[in-house]
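Take a look at the structures below.
Two complexes, one shared chain (chain A), two partners (chain B, chain C).
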Partner chain A sequence: MTTAARLNKYRSIANRSLQNVMAYRNSYIINLLANSINLVAIFFLWQGIYGGREAVGGYSWDQMKTYLLVTFLANSVLSWYSETAISGKILDGSVAMDLLKPIDFQTARFAETLGASLLEGAMSTVLLIVFATFLTGVTFPHSPIVYLLFAVSLLCAVVVKFGVVYLAALLCFWSTGSLGIVWTRIALTNLLSGALVPLAFFPDWLEKLALLLPFQAIIHTPTMIFLQQADTWESLRLIGIQLFWGAGLWMAGKAMWNWAVRQVTIHGG
Partner chain B sequence: MSMIEARGLSKSFMQAVKEPGLKGAVKHLFLPRHIEKVAVKPLDLRIEAGETVAYVGPNGAGKSTTIKMLTGILMPSSGSISVNGINPYRKRMENAAQIGAVFGQRTQLWWDIPIAESFSLLKDIYQIPDALYRKNMDLFTEMLGMSEFIHLSARKLSLGQRMRADLAAALLHNPPILYLDEPTIGLDVSVKEKIRGFIKQINQEQQTTVMLTTHDLGDIEDLCKRLVIIDHGAIIYDGTLSEVKARFAKNRVIFFQVRSPMPELYALLEHSPGLKLEQQSSQEFSVTFDRYEYTASEVVSRVMKHGEVLDFRMEDTHIEQVIKAVYDGHLDLNEHRGARGQAHHDDSSPA
Partner chain C sequence: MKISQMLYLYRRLYVQQLKAILEYNKDFYILMCSAALTQVLGFVFLWVIYDRIPDIQGWQFWEVTFMYAMIFLTEGAGSLFFEGSWRLGRLVNTGELDRYLLRPVPVVLQVFCTGIGINGLGNLLIGGVIIWQSLVHSPIHWTAGKAAILILLFVTAVIIRVSINLMGNSAAFWIRNAGNAFPLMVHNLSDLAKYPITLFPQAIRIFISTVLPYAFISFYPATYIFGKSGWSGWWLLAPVAAIGSAAAAYGVFRYGLSRYESTGN
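The block that comes next holds the complex of A and B.
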């Protein structure tokens, strides 16, 4: 099989996945609305915290506003749909239908995730631009290189987040419910990626620990690049670390999958 | 070599054992105990290219487990499988490219996009050449009457439409082997007929090997010459459908309608071994007899000696009844395994 033909399979899957999320546009819009309300709430919370202060944990209020917006974008690129689709497949047993196809399960799921991310990312970007025009003081970088690096790191963040989501989803082979696993994963990811508060706010030991884990590649890295807290070389180094985690988690996912399908029964008749 | 060949194929699962009540649940939490449950006992199965085989058995007999092992989605506990020369478990992707499968309870169609899109995705997944894809799409659309719903998403289809679309999806790449797990479950008669006709034609035209599990005996009678019955994880019968009928469907029933009651006949029949009388009304009754002991004409002429017969009709035992007897444990096919095939030659001796 030629590489082109192989790629074509997965491109086609990504395409159908994109069509599929479009079919869910109403629920997606409602979801986006919920996220926006959440963003507004967090915005006012931080505004309260900054009341009368110049800076918190080294972040000025203007930087914090930018941080919140970038976090919102990075978080919504891979949304609830993608986060639950894989564990859902395993829990309801429809994974059996995927195993009947001459496709690699992991690559197919990644293609699906990318397809869905395309729409989700685009919608969030639009929403973000709307927000940014109403806010004053959001600091946008001037150099096009920063935008390029940011785009690359955002893509890498998707790869890392997919790795985490995929590994957690495979745990569903051993459990009969996904909610506990999903919530644990979300809590861990939000805390250790910097989605809740910037890692700089953590006590020293926790910050150090967080920087050693893959989660920081999901939010911390893109925000560092966008806020220009890392120069070009440092940004490239951070992207390198993202790639390291992306590849590492991918291989871990592959190994776990190979082991899981040997071990377990597929639910349902 | 056979198209599908399984040797000593078996599958066991670990099953949690919990003692009853809260105490048992707590105990299981700290000291989980498992027992091995054998779903499929070591079995041998050979299916030749172009055959249509019905694989039947009661719920939980091990049918689906066998099919899952043959399709490569479940690893056998022991034994070997070769499907068209490929080990389906070791080479799942290669095997997947040469099989088609329909699991009646599931769909492979995308839920929220038009099914035409699901089909064109399969074209890319199986790398079906343009010409073949168009030819198959045209043929399947016509044969299965899909044109009225091909633009709809799977969510909007009725069960019958969905099943037809799933069947088409499984065959788009002209697979040499087709597995069907309860393909007609819950369908109305006309859709069932359409589906059976379609499978029959594909099997005849492309020599597709078909393995079918079903609870619908119409499927078996319409489609399959060979019948494999599995129960409690073991194959208890493997042979032709007509042989099962010849050997086990030995009872025939003749229903009579007569001008006036025949008390002396009734008394006589009460004392004839091998004949069983059942009265429906004063002028209607049926006689059940063993086809190897009596011929139909013997029975009819006996009745006609005692009075005027207005009408009569004869019924053979349906295969349903035979298989039901096996399921219920009333009939042990294994007992007769040694005598297999003799029914054809030795019609006078009851099996």
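The block that comes next holds the complex of A and C.
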């Protein structure tokens, strides 16, 4: 099969997943609104924290506002949908059908994720623009290079996050439910990626540890670039690290899949 | 039906569910640990912030952790004993609710016993520890009356939580969709009550004190226990909020049930 034909296959999978999100748009919009409740709560919490203070942990209030918005965007680009779709396939046994198809399971799931992410990203961006117009003092970068680097790092963040989600989902081969695994993954990712609080707030040892792990590539890197806390060369280096984790997790996912399918027990005859 | 009979039935139904989950015990532990971990990491978040600043608009670390933990503790009690309300959507959509209607047992009781969220145990445990630590680390002048009121406030908090969950999930009678998106959104609104409501604009304060009285789970009990000036006496409204939300939830559930027309095949 030629490369073009192969790509075409996965593009149609991505397209289908995009349409899937469209079909269930009401649930998706309610979901997005539900997530923005959390953003509102966290926003006012931070506002209280900054009340009468110039800077906390090296971030000014204006920078923190920007940080929260960028975090929200990076978080909602790959959300619940892709999370439950993969583990769901494994738990209900429909993965057996995927084993029969002449497509790579991992690539197909990634294509699905990308398809949904596209729409999720677009909708979150709209929501963010609404938020941003109500807020004063959000610091936007001026240089177009920053936006370019940010877009690239956001895409890389999706790859890394997919890697983490995929590995977590494969764990469902050994369990009978996905909820606990999903919750654990979300909790760990939120803390160690900088989604809850910038890594600079952590005590020294925890910050060092977080920087050594892949999670920081999901939130910390895009926000560093958008807030211009990293210059162009530093940004490229950070994106390089994201790519390293993206590739590493991809291969780990592949290895784990190859091992897991040999242990598979599917419900029913 | 008498209360004692209801309790007896509740216990019997509950034990049956318990047997069912103990069958899958690996999941049991994963769920419990993940719920506990989620809560602990949220606690770490507050700790990291308070490591940098002494207070948030006059609120001390242990006062905020108390509110934070109350939200999780009541959630834990809700999932452990009343998880079934989260299955209502599926019961309505698959028409399984038919079975419940045929039995001479209150439908709401059967719904409550449709499942057990064992994750609640993790939340109860960690929430309990955090609340205990909050009380130990704060200068509170304890009297028997204060302890009794605290227990009363715990009870009202759980009632409010469970009622709001039931109300949110009753949306399944109107929204014909397999998902849980709407009740989850109602559930997520409790995020607002994890922190002092004084941080929020007036509109949000009123909303989480009246429409969805989550503030009576966390904030108002905290003002009483830590003796916040300017808020004395407000906790007295907690039982009112509890009775109000329970009545409203039951009303909404009954009304939804009267509209229930099963699924056609």
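The rule is simple: the second predicted complex is superposed on the first by the 266 of 269 C-alpha atoms of A that agree within 3 Å, B and C clash if a C-alpha of one lies under 4 Å from a C-alpha of the other, contacts with A are read in each partner's own complex, and residues count from 1 in each chain.
Note that in this section a contact is a pair of C-beta atoms (placed from the backbone, for glycine too) under 8 Å apart; a residue touches a chain by one contact, two chains touch by 3 or more.
Keep in mind it's a predicted model, so treat the numbers as computed, not measured.
S.K.: Give one word, clash or fit, describing how chain B and chain C relate on chain A after superposing.
M.R.: After superposition on chain A, chain B vs chain C: fit, no clash.
S.K.: For chain A, which side has the bigger count of touched residues, chain B or chain C?
M.R.: C
S.K.: Quick check for you: in the superposed arrangement, does A:Gly51 touch first (chain B), second (chain C), both or neither?
M.R.: In the superposed model, A:Gly51 contacts chain C only, not chain B.
S.K.: Go through the superposed model and pick first if A:Leu196 touches only chain B, second if only chain C, both, or neither.
M.R.: second
S.K.: What angle, rounded to a multiple of 10°, is defined by the Cα centres of chain B, chain A and chain C, with the middle one as vertex?
M.R.: 80
S.K.: Who does A:Ile13 touch here: chain B (first), chain C (second), both, or neither?
M.R.: First partner only.
S.K.: Touching A:Ala5 in the superposition: chain B (first), chain C (second), both, neither?
M.R.: first
S.K.: Thinking of the overlay built on chain A, is A:Ser175 touched by chain B (first), by chain C (second), by both, or by neither?
M.R.: After superposing on A, A:Ser175 lies in contact with chain C but is clear of chain B.
S.K.: In the overlay, answer first, second, both or neither for which of chain B and chain C A:Asn26 touches.
M.R.: After superposing on A, A:Asn26 lies in contact with chain C but is clear of chain B.
S.K.: Figure out whether A:Trp183 sits in contact with chain B (first) or chain C (second), or with both, or with neither.
M.R.: second
S.K.: For A:Pro144, using the defined touch cut-off, is the partner it touches chain B, chain C, both, or neither? Pick first, second, both or neither.
M.R.: Once the two structures are laid over each other on A, A:Pro144 reaches no partner at all.
S.K.: Please work out how little space separates the C-alpha atoms of chain B and chain C at their nearest point after superposition, in whole Å.
M.R.: So the smallest C-alpha to C-alpha spacing between these two chains is 8 Å.
S.K.: Counting contacts the way the document defines them, which residues of chain A are shared by the two interfaces, the one with chain B and the one with chain C?
M.R.: 24
S.K.: Under the stated contact criterion, what part of chain B meets chain A in this complex?
M.R.: 13, 64, 68, 71-75, 92-94, 96-97, 99, 101, 103, 105-108, 110-113, 117-118, 120-121, 124-127, 153
S.K.: Report the residues of chain A in contact with chain C in the complex, numbered from low to high.
M.R.: 24, 26-27, 30-31, 33-35, 37-38, 40-41, 44-45, 47-49, 51, 53, 56-57, 174-177, 179-181, 183-184, 186-188, 190-191, 196-197, 201-203
S.K.: How about chain A: which of its residues touch chain B in the complex?
M.R.: Checking each residue of chain A against chain B gives 1, 5, 8-9, 11-13, 15-16, 19-20, 23-24, 93-94, 96-97, 99-104, 261-262, 265-266, 268-269.
S.K.: Hey, which residues of chain C end up touching chain A in the complex?
M.R.: That would be residues 24, 26-27, 30-35, 37-38, 41-42, 44-45, 48-49, 51-53, 56-57, 59, 119, 177, 179, 181-182, 184-185, 188-189, 191-192, 194-196, 198-201, 204 of chain C.
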